[in-house]
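Notes follow once the structure below has been shown.
Labels for the chains are A, B and C, by order of writing; each one numbers its residues from 1.
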Amino acid sequence: MEISFQDITYTYSTGTPFEHRALQNIHVQFNQGSYVAVIGKTGSGKSTLVQLLAGLLLPTSGVLQVGDTRIHSRSKKLGEYRKKVGVVFQYPEHQLFEETVAKDIAFGPKNLGCDVAEIEHRVVEAMSWVGLSPDLRDRSPFELSGGQMRRVAIAGVLAMRPDILILDEPTAGLDYLGQRDLLSILKRFHQHFGCTVVHVTHNMNEAAELAEQIVLMSDGKVISTGKPVEIFRNLPYLQVSGLDVPDVTKWIMSLNQNLSTPVSTEIYELSALADELIHRWRRGS
Amino acid sequence: MKHTKSLIELSGVWFDYHPDRQMKEQWALQDINLTIQSGEYVVVMGPNGSGKSTFARLLNGLFIPTEGEVRVGDFSTSDDLGQFHIRRKVGMVFQNPDNQIVATTVRDDVAFGLENLGVPREEMIPRIEQALEVVGLVGFENREPAHLSGGQKQRLAIAGVIAMNPDIIVFDESTSMLDPQGREEVRELMKELHQQGHTVIHITHSAQEAFLAERVIVIAHHRLQLDCPSKDLYNQSHLLEQWGLEVPLPIRLRALLKDQGLEINEPIGNSDEMVAQIWRYLSKT
Amino acid sequence: MNSVMIGQYIPIDSWLHRLDPRSKCIFVFCMLILIFFANNVESYALLLFIGLAGMVLSRISFLLFFRSMKLIIWMILFTTLFHLIFTQSGSAVLETPVLTIYEEGVRQAAILSVRFILLMTFASLLMFTTSPIDLTDGLESLLSPLRRWRFPVHEFAMMMSIALRFIPTLWAETDKIIKAQKARGADFESGNLYRRVMAYIPVLIPLMISSFRRAEDLATAMEARGYVGGVGRSKLRVLSIRRSDVLLLVCFAIVATALFWMRK
């Protein structure tokens, strides 16, 4: 399903002293099955953008076209549409409520109207996706560690097998290992099911490593969109938006200050950088 | 030379929430021995669930050691009178910015701690003003906490602590729930407080933050694993991986290069030194 | 949430805003009693005049007072109707084949309506011009004599103030959880009443759990900042009776005397 935001504006609390325009004339497109990262400072409109995409808010003006569905200011009955979209909110473990891990993961599939066998199948599958051991299924989610609770919550969304998966800062508050694990789970899930992923993040390393397309937002507007290289090449834009370049890029840039033939800043993975350096070293000696 | 007595002293400290129900090898903290001098800036690093937050709470008597003793100045946290004095000496800033603000306005919240100490009103007013000035929240006195950003909320919490004139300020993962901007604000403030002569103890799971301090303590698997000056950490940082902590990028790069035959053995104390080494190897032709 | 909530504090500056919350509380409380004490047209005219003067002094738009009246409009209509139909004394004012309306019924209906309006006016004046924290402080101070009978006045005030502090936080949290469960396919809009109530369980449980967690965190933070209860605490906020407060109470005394004198 192709996603296209057509001249979308969103205003909170219209007609009150608290009126606030969160999004202004947004035009942006995501390809079916791509991994999109939305970056920008707090308050840049990232969260509003994905809540519109999730069908949780309606645009004040403009149209959001998702496949055959058109969403506009007077759209009704978005329940069916929402079933196609999964959302992992910030700190998703705060929405767990069931007595057992398995029941909580089953909540989404049950709402989709899956039958008992299908629900069971999806629960087992989702638990294995997120790396939860099967013997945790009858435990209360509230007895688990923070990292495990996060996995249960994410499994609950993955079990819905969404066509569009929205992730709002999924790694917030996790430690380094927890972050690495989660990102690789999400990457594999995306590759396996081919769903469109829209990943909101402050972390430029995450964006560079995972995304095929990056949307840079500032002050309720889309400042720029394109491949990671195209975004991170444009330092002034980033700095105006209060953002930074990925660590690898930063490091390559400081190395390049001393090199006559600079290393490409299109490298975002450390192993690729190592390969490039080894290559140069062998050629040199 | 004048003999300086250490400010904080943990000797043979063991702790668990339910010591009677757990095997001693599984206690939350095991056999911690260390001293911290007045005016130090220490980072305590560890993965989630390692016991580092428990450690923080032992420092001001929120938790009392099951075995061993924690002494702050001339007092022990194990006796009631000691606790009373220690609470004044050791200020603490917590993780969740929302859950540590008590009052409905900025000014009233800074006042809260002073009111608890029974500070007379005439003395309270200048101290509140001063604390707000240090954290840069002058002009926000009548603001409601709900209308502050995450970084501002944490700065408010810090103001509440420094108004009480503590010698030691413990930051218990105070940066982990903030966006990059808020994190930067709080880090800057820590540095400033240290320069003003406070003893700063910063608990974190971020390896990047470890290099901001003078001394790094690693707590993993419920035990103290490493205690060294932060400039020495860089060279030992390959160790961090085994405790589930992030290894700095240049050290990871060095390991990758070594796998492919390029061995850099010179000690590296920071990112720039790694850049210089790589450059040396690449231009050795 | 778009409009100003009924009874919400309106943060502007006026003579009424600057008054000590205690004198406002006492004044309004006594006025509420006087409203039931008055029993003739002149007294009500006087009370209405005072209410009107309060509105002007508060510098708050009449529209907001009018809006808070909407809350009691049904009560007024109901009691009016009740008296018109069922009160059967005095001479008949209107005779129709189905219903006869008596003079006393009209009188009672009018009195009750005016009483309701007056009650709402004075209550709104207090709520609109006194910030929740001032109100809490005022109540704590007024209730402090109850300490002698072991009533936990300080704890009560602290609880109220913490509740006020966390309302916006919990409100935002509720909104977030509702959205999260909606995104998981929860349906809050269809089905019968029972189903709709049950649909909120996935919202209420996380909300309760997070409130407990917040309470625990807050208790730890308060302890770390040296809180050991009300004993030995000083206070930043001091309430001071000023000339205008005395003036208010003098006004009240005059009004009360006048009402006694007018009472028939």
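Just so we're on the same page, a contact is a pair of C-beta atoms (placed from the backbone, for glycine too) under 8 Å apart; a residue touches a chain by one contact, two chains touch by 3 or more.
Predicted model, so just to flag it, every value in this text is computed and none were measured.
Taken as a contact graph, the chains are fully connected, with every chain touching every other chain. Comparing chain pairs B-C and A-C, the larger number of C-beta contacts belongs to B-C. Between the CA-based centres of chain A and chain B the separation comes to 30 Å, rounded to the whole angstrom. Once the centre of each chain is set as its mean CA position, chain A and chain C turn out to be 45 Å apart. Those residues of chain C in touch with two or more other chains do not exist in this structure.
Of all residues in chain A, those touching chain C in their complex are 13-16, 51, 54, 56, 79, 82-83, 85-87, 89, 92, 94-97, 107-108, 110-112, 142, 156-157, 160. Of all the residues in chain B, the ones that touch chain A in their complex are 47-49, 149-150, 176-177, 179-182, 205-207, 244-246, 249-250, 252-253, 256-257, 259-262, 271-272, 275-276, 278-279, 281-285.
Residues 132-133, 161-162, 164-165, 168-169, 172, 213-214, 217-218, 220-228, 232-238 of chain C touch chain B in their complex. Interface residues of chain B, counted against chain C in their complex, comprise 57, 60, 62, 87-88, 91-92, 94, 96, 98-105, 107-108, 111-121, 124-125, 128, 144-146, 157, 160-161, 164.
For chain C in complex with chain A, the touching residues are 1-3, 173, 176-177, 179-187, 189, 201-202, 205-206, 209-210.
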